[in-house]
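Read the structure below first, then the notes.
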Amino acid sequence: MLVRVSAYLGGMESASSYFILAIDYIGTFVFALSGAAAAQNKKLDLFGGGVIALVTSLGGGTLRDILIGNTPVGWLKHPWYLPIIAAGMLTAFFFRQATTRWHRTIFLFDTIGIGLFTILGYELARQQGLSWPICMVLGTISAVFGGVLRDVLSAEIPLIFRQEIYATACLAGAGTYTLLLQTAIPRDAAMLICVAATFFIRLAAIKWHWVMPRI
Amino acid sequence: MLVRVSAYLGGMESASSYFILAIDYIGTFVFALSGAAAAQNKKLDLFGGGVIALVTSLGGGTLRDILIGNTPVGWLKHPWYLPIIAAGMLTAFFFRQATTRWHRTIFLFDTIGIGLFTILGYELARQQGLSWPICMVLGTISAVFGGVLRDVLSAEIPLIFRQEIYATACLAGAGTYTLLLQTAIPRDAAMLICVAATFFIRLAAIKWHWVMPRI
Amino acid sequence: MLVRVSAYLGGMESASSYFILAIDYIGTFVFALSGAAAAQNKKLDLFGGGVIALVTSLGGGTLRDILIGNTPVGWLKHPWYLPIIAAGMLTAFFFRQATTRWHRTIFLFDTIGIGLFTILGYELARQQGLSWPICMVLGTISAVFGGVLRDVLSAEIPLIFRQEIYATACLAGAGTYTLLLQTAIPRDAAMLICVAATFFIRLAAIKWHWVMPRI
């Protein structure tokens, strides 16, 4: 599996890394679901909900690809993103009760998702020869920008600016990865540790009510 | 004329397709006018109104070009967009009464405009070898994103998320075009049918109060 | 020094034009500081303040680079922007009293900054062979779009749409430069005059309460 992770990141077109692809698609599904759920509180129509679901799942990777100049951006080239997002959206609409009950499960996938999107963004930037602080920023943008867009389109101050350790967990995961790359630890293991670090930092932040200092 | 449509879409630089170019420029003018009219209700100054007019007319094509990687984006290369937008803006400012009276005419041009922008976006995407669902999405983005930006800059929940069949008419037109491309119908005729479908779906939606289901 | 200005603009990678680079970095610092100061009034956390500082300083150049297709965008390639922005942000947080007292100094740097960013954007566009009205628009976008993004992320109608001659001063500076390029005046001198024109137009607008006409 670790070999497959490298293969996927070394050539993003390759379909051989089933594990990462599965997580990527699950992340896309979950982000679409959370976007559509957010739209339900805004009294948007079905189309509006679809757009919110779309930008929540694709926004981060899109901005990353545009900034790097990696165009056409990823989701234009891969056929599966749109059907997966449609599935996430429909799930949110038709299983509203279940969605609420699965809240914890969705939260866990979401947290795995941001960790993975962070590392994907980081590696894509690194392959362009960009410096590590830039890689950290691009990784974090990949993970969180979709949520920012969702809030801007809903005319709200983006939630991540005001609550809980979210983007900061991504930055911490990316920082961990940066440090690990200086050691003898293999890149594949470093990636998994980065995802785990992002995951547990966010969980710990919620459990023990860590917050960033107010200005 | 039908030949000219193909010529224009096959080589966007060509000035030979006078018909489509005229509609494109009229669409740009009308979108600028509607953007400036929206700004009048916001007590913006002349500069602010100009920016709103600009993003309303150019926003959709700009995002389409950026996502595809077709840069410098179109309006940077063609000299006529800026003067046309300035004319649309000034018309809105100095003929405010008339603008109100011409409401129906503007609405008709606007509806022709979104149909045409949908097909332009679709074809530009198709020439990049992108799949048909992506072409449909990019066509719709070309048609409606300018209005979304206008609303975001005015700190409002974008209108198209809450009212009437608008973007959905573009999607329906693009879907019609996708189906027609599978038949023996010539591409030129398919384009005209797509524009007409978008046009009449929107008109019918308004006449019979079609709405998308609320979430 | 004038030679260095050309050298810098002719080859943006060159580090030899210490004067312009210094002003560029000071401008970045000051924009980060003003963004972070704006965030303090919004009760954002430290991360949110950092993002606002980042988009305020980098937003204009980023949009300019994306529209032109100059990717990876500038700040991904130059190592000094992020540390400078971090410094500007920390200055705003820890020296809040001083920041308030230095209000006039910051204002002056900010006004020099928009003049210089206007000319940088103008020249980058001109080197792509774009027409002068487009160069004027791209120069102005470089100077003011960061502030627009800052306001949109704060869910406010962008301030520049409602108050004082700001973007208009950039446009006037860019227009002056366009005219001077038609004369025998050397390009270097024309640049300095453009920066000075932007500077004094904005100062005069504030001193004598010039406003754009309301719509």
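A, B and C are the chain letters, set down in written order, and residue numbers restart from 1 in every chain.
By definition in this document, a residue touches a chain if its C-beta (ideal position, glycine included) is under 8 Å from a C-beta of that chain, and two chains touch if they have at least 3 such contacts.
These numbers come from a predicted model, not from an experiment.
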{"item": "Contact graph of the chains (line, ring, star, complete, other)", "value": "complete"}
{"item": "Copy-to-copy rotation for chain A and chain B - C-alpha atoms, rounded to a multiple of 5°", "value": "120"}
{"item": "Interface numbering overlap (same over half, different under half) for chain A and chain C", "value": "different"}
{"item": "Cα-centroid distance, chain A relative to chain C, in whole angstrom", "value": "31"}
{"item": "Contacts with two or more other chains, residues of chain A listed in rising order", "value": "66, 69, 152, 155"}
{"item": "Complex contact set, residues of chain A against chain C", "value": "66-69, 125, 128, 130-131, 133-134, 137-138, 148, 152, 155-158, 160-162, 167-168, 211-215"}
{"item": "Footprint of chain A on chain C - complex, ascending", "value": "36, 39-40, 42-49, 51-52, 62, 66, 69, 71-73, 75-77, 79, 82, 93, 152-155"}
